[in-house]
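Structure record follows, encoded as structure tokens.
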Amino acid sequence: MIFGAGILKGMLVTLRSFVNSYFKKPDQGGLFTVEYPEKRLVAKERFRNFPFLVYDEKPEDPRCVACDICAKECPPKCITIVRDADAEGRPLKKPALFDIDLSVCMNCGICEEACPFDAIFMDHEFEIAGTERHQSLLYHKEDLLKSNGYFRQIRPSDAALIDARRKEAEDKKKAALKPAAPPEKKE
Amino acid sequence: MRTEEIRDHLQSLDSSLRLRIVLESLLVENPEDLARAVRALKSSPRLKIDFLSSVTAADYLDFLETVYHFYSVELRIGPVVLRARTRRDDPKIPSLCGLFRSAELQEREAYDMFGIRFEGHPDLRRLFMWDNFEGWPLRKDYVQEDSDVLESQDLAWLEKNSIHVSQELKTRALDLQARGLRADAQRPAAEGPANSGAP
Amino acid sequence: METLFIQIKTLLVNAAALVLPPWGVTLSSMIISALAILGLGPLIMMYLTLMERKVLARMQNRIGPNRAGPWGLLQPLADGIKMLTKEDIRPSAADPLLYFLAPILIAVPALMVFAVIPFGKGMTAADLNVGVLYFVALSSTTTLVIFMASWGSRNKYSVLGGMRSVSQMISYEVTLVISVVPILMAAGSLSTQTIVESQSGRWYAATPWGLLSCMIFFICGLAECNRSPFDLPEAESEIVAGYHTEYSGMRFALFYMAEFMNVFSICALTVTLFLGGWQGPLLPSWLWFLIKTYLLIFIVFWFRGTLPRLRADHLMGLAWKFLLPLAVMNIPAAAMSHFLSEPFSTAVPLAILMVSVAVLSFFNKGYAAEKRVYHFTD
Amino acid sequence: MKNKTDTPLTEDFDTQTLQINVGPQHPATHGVFRMDLTLDGETVVRLKPVMGYLHRNHEQIAENMTYAASMPYTDRLDYFNSMSNNFGYALAVEKLAGIEVPERADYIRVILAELTRIVNHISVIGFLLNDLGAFFTPLTYAFREREKILDLFEEIAGSRMMCNYFRFGGVKRDLPPGLLERIRTMMDVFPRFLDEFEALLTDNDILCLRCQNVGVLGRELALNAGLSGPMLRASGLGYDIRKVDRYSIYGRFDFKVPVGSKGDVYDRYYVRVLEMRESLKILDQALRQIPSSGDIISRKAAPFLKAPRNFKPPVGEAYGRVESPKGELGFYVVSDGSPQPWRYHVRAPSLINLTVLEDLCIGHKLADAMVILGSIDIVLGEVDH
Amino acid sequence: MAKKESRLGVILAHAPNVSAIDEGLKSELSKKGVVVTTLNHLYNWGRSSSIWPMQFGLACCAIEMIATACARYDMARFGAELFRASPRQSDLMIVAGTVTKKMAPQVVRLYNQMPEPKYCITMGACAIAGGPFIDGYNVLRGIDRYIPVDVHLPGCPPRPEALLHGLMQLQKKIESQEIEKTAWYQKGLKREYPVPEFGPRGLIPKFNPEVWQPRAKDNRKERYGEPILIGKKIKAPDLDAETLRRASGGPAK
């Protein structure tokens, strides 16, 4: 028979799901929808969208030392870094220009992996749709810099690890510096 | 089976085949013999090759090369790798379509990307690019266009559709035309992306 | 409550009688009914779209439209505004006359069939004595219009859709008509109002032949109004949007509207013919009618939410090789039940029908699903 | 229902064939695939696939990048199963550079690859039903389950679809704590869902009518045309690279390879359902066997995690293949000793599975052509690379 | 009220041609124009809460688009789940995925086939600017070279929530429009965009200068040129020599 048991069985499934959507909880077959602008899914800690730069105290003092490694490793080459220089033209260990072209970035997270200074991380922010692309999607240093506190907030366990590591390194450095006690180092 | 054994086995089946071992593969020295070599593989009772997995080509600057990966599904042997080399200026390789249908699309792909003509292929057209596309994009000397600079044919087209073009773009296009150049993609600047290529 | 709408109408007609001559009163009575239908049709359509979207959403574990107005109730209005303000494109290759006429012509019969639907006790706009025939006749014109639309748009997908629709509708038309015959025989009338009244004791769907008739009628009705699983003429995954591929804006909205009005009228007629129409205890008659109709409409949406589409040749096979002979066999079965007394009046038709189903199933074995055995290797 | 080829009416009437163009924008072509169809009535008499509408120059781009930088691009090949693609590429490069993979990393890889297989098969069935005309319901159910697995992926790798998680010699990071339990919970629920899904579909008469004996593919043709994966297995050949090559640690698991008998659309559908159940078995074993700690990347390759630019495999070539959910996914890499591969080629199962499309469709109705295409399971990113 | 109604009549009659409404009348209207505002509001509300996208996916992002329409994110809540297969019935084109040069003419054609008012969202980096595939010879660097785009939605691929956010941005944009000023009711406005043709190396023209102009300063290009190195490597690997070396057990290079 053509309209046989199989069809009825299938129709029961959809009917059950129709009824459940009114009476059951999401994990038991009820409505599965998360009503986005009002409710949100809990962000996963490792979620990566676009990169941002971390600074410790002041935005003028980012962790980034403009070493250009991330720019070189970036698969689609969406990062542009220009190293800052002091008044006499000697290069400083910080970026004068740090641009990320979000219209090219592929969210791969390789910059974060490659960065030896824990300066660049992947952000959770995804609401960046705009009506224009040439300006608003080219993120400059100012748009990218975010505090370590923010980083701790979005990725608590990673931040704890990194902070501990940095502290250890700093302590070591201090310990190494102390015996020699050199006067202020140049640069 | 090791590559040497396969070579000896094949040569015992068809003594006129000239095969040379390159890495773990067998180079068919005369590309004309390719189909014969494959037929020998197919008919060999010890190998029973019945599955052509991958057909691809590569550009080695002095010559073009096609690489074939064969398997035997029945005996679970593989891969048996064959390769054949051909001249760069007039690349010709016999097609394997008659023996393995799986070569159909892959040979078209290799033709599209490298311009190798597979002789005997029933429908050798470009697979991915459009028909009047020029050049073989995966060859190492392919130069692509600079897509931000208009050229004279673009100007003509825009004029035909009565689209306004700013003077700056126009002068640039006409300048290129006057110098007889195409708007090629820029080579990396002096500093270059740090991947500086082979020594 | 029972006579709410009738009273309103009487009130209006009486008011008209104060100022108008007798023929004017008749005319105004007709106009009032017509206006009610004209208002009702689009309203029904608009809320059916919302209902469909909501029901499907719920079946798919979603919420469905809920941002336009409370619970999304204004969604159809938003769609309407948008449709009205959309650009009206006429493809340059299209046949202007056919292209322009089709959407209008498709809406007309869809609205006109509402005239014979008994919405409640004494609530038929025009209680024609050939009501059922009128319905069948009008709904079959849709075929022509759809073909006009498809031919007029000069689009290959449209033509394919139009062809499918013609073949499908013609085959199902025959079966549809024949499946109604037993009811007409039992009721002895073509008037919808009479048919409903004759079911005061027992619904026709409660008899074996009536149930079968009802199922055949409903299935054919689905095929008539191109609903899933018979939505071949507009099969999205095959021929883009079928006959209305080239229509945009309000013209498309008219097709859309006609489809939903057809769904409503098919369900309404199924209720009228087989499910006792407006008959029911306690609640007012029109409410009963609406409840039954909307339950059937829910089933239509339920089908859409569950079933894949049939293929053209299966569709024809189903109609000609199975439903049609069955509908024909149903006529003698119904006659038997008329001439025999209990318990034979139930048993004999039942036996006839079961035998015919068995025989037909045997001849249509090819349509049955194969049982497959899968083995595993290492 | 046997597909009787109707005697053509062409002899008596002056009829014409109708040439239609399906795609590149068409709801049933799964992206931007195009079919050049000639119809006699509604029967397909000629079908020419046209592709390249998503030719994104994957190979050219990969030849200009470091080996590691291609990894995120492989995600975008077959964008349903980024993990399997990663797996194939990682295998090829590991072969090229002679890198071993630590045990825990191998288990993680297998777990993720099998999860990907489930994601892929469930979505494919959803899309197939969409082609059959079911209005999104099976697809929505499939995507509901897919979301649950994608949540796991996001937790592990940071992205829902483009995981970029495998590295040469291991994986990028260790699993977050508690993840294995969550996979376990998912696995406990999934069979119930699969039963429900099957109740909706497997016995559905319309589905059987539409799928059985449609697009029958014989063993010989399937083998000769280089088909692989569920397509090949539905045609009756139990060839599964996981069993044949026993790559990674697949040799350690006890699982079976489901084989179809007829090679029609229905078999292709059902083989996928069965494969999902087998994947669950592998997952179950892997979750029980996985070492609770250990390296996740080999010592030899660990330094390159931070500096992909220094990764220079020796001159040579390698061909790594895996059983991706679509079939045999192979990566052919030639190294010239520099950080970028000299030649990088993808043996895309979707592309090669399309070889037989015309053979399968001829003589069937237009509606069947869409279903057959749906059952082949192509992803345009991979077809066109 | 009667007066206002007649005003409404005037406005409707002239709405297609904005120039017919002079500034004075406009300011007068804005003072009195309750009806106009309501009409505007209604018009915008209707359009923004019933955006029917075209069922049109190009690549990876299309899967996220489908995910957005499915249960977890449910685009239907915004009245936007009716994916129409025919461009004639859709309002919104979501360019979800890489637009290749081979595909670009079709995309432009599809956009032309849509009836006004129509909108375009570029979803994902590839559709915006070519994204990760920007250097490919067959990849179009952004669909906005040929057609105007309303909302750019970066990400690779953007999360489904991001698409919903993009949709809300579009709704905001629609709600800020005024019926008298909307482009599609103005006379003589070109809203049909010429379809590019295939040339020997790419599309002709490379872009439509009326819609798009190259960036004045392109850091990426200045810094890296076109990071495509084909042709830069000058020495091919010598597999024969490598074979010999391996056979003889010689040292690796």
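We just call them A, B, C, D and E in the order they show up, numbering each chain from 1.
Note that in this section a residue touches a chain if its C-beta (ideal position, glycine included) is under 8 Å from a C-beta of that chain, and two chains touch if they have at least 3 such contacts.
Remember, predicted model here, so these are calculated numbers, not experimental data.
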> Chain by chain, through touching neighbours only, how many steps does the shortest route from chain B to chain C take?
Replying inline: 2
>> Moving step by step between touching chains, how few steps can get you from chain A to chain C?
In response: 1
> Quick one: which chain's Cα centre is the longest way from chain E's?
Replying inline: C
>> So, comparing C-alpha centroids, which chain is the farthest one from chain D?
In response: C
>> Quick check: how many Å separate the C-alpha centres of chain C and chain D?
In response: 43
>> Centroid of chain A to centroid of chain D, CA atoms only: how many Å?
In response: 30
> CA centre of chain B versus CA centre of chain D: separation in Å?
Replying inline: 25
> Which chain C residues reach two or more other chains?
Replying inline: 59-63, 236, 240, 305-307, 367-369
> What residues in chain A touch two or more of the other chains?
Replying inline: 1-4, 6-7, 10, 13-14, 17, 31-33, 35, 72, 75, 77, 106-107
> Can you list the residues of chain B that touch 2 or more other chains?
Replying inline: 23, 59, 128-130, 137-138, 193-195, 197-199
> Can you list the residues on chain E that touch chain C in the complex?
Replying inline: 42-43, 45-47, 49-50, 55, 70-71, 74, 76-79, 81-82, 84-86, 88-89, 91, 113, 115-117, 184
> Can you list the residues on chain C that touch chain E in the complex?
Replying inline: 53, 57, 60-68, 72, 74-75, 77-82, 85-89, 236, 240-241, 244-249, 252
>> Residue numbers of chain E touching chain B in their complex, please.
In response: 102, 137-138, 140-141, 194, 196-202, 204-210, 213-215, 218, 221-237, 239-240, 242-243, 246
>> Give the list of chain E residues in touch with chain A in this complex.
In response: 71-74, 77, 125, 128-135, 142, 144, 149-156, 158-159, 161-162, 164-166, 168-169, 173, 215, 219-220, 223-224, 227
>> Give the list of chain D residues in touch with chain A in this complex.
In response: 65-66, 68-73, 137, 141, 144, 147, 151, 154-159, 162, 164, 172-173, 176, 196, 199-209, 305-309
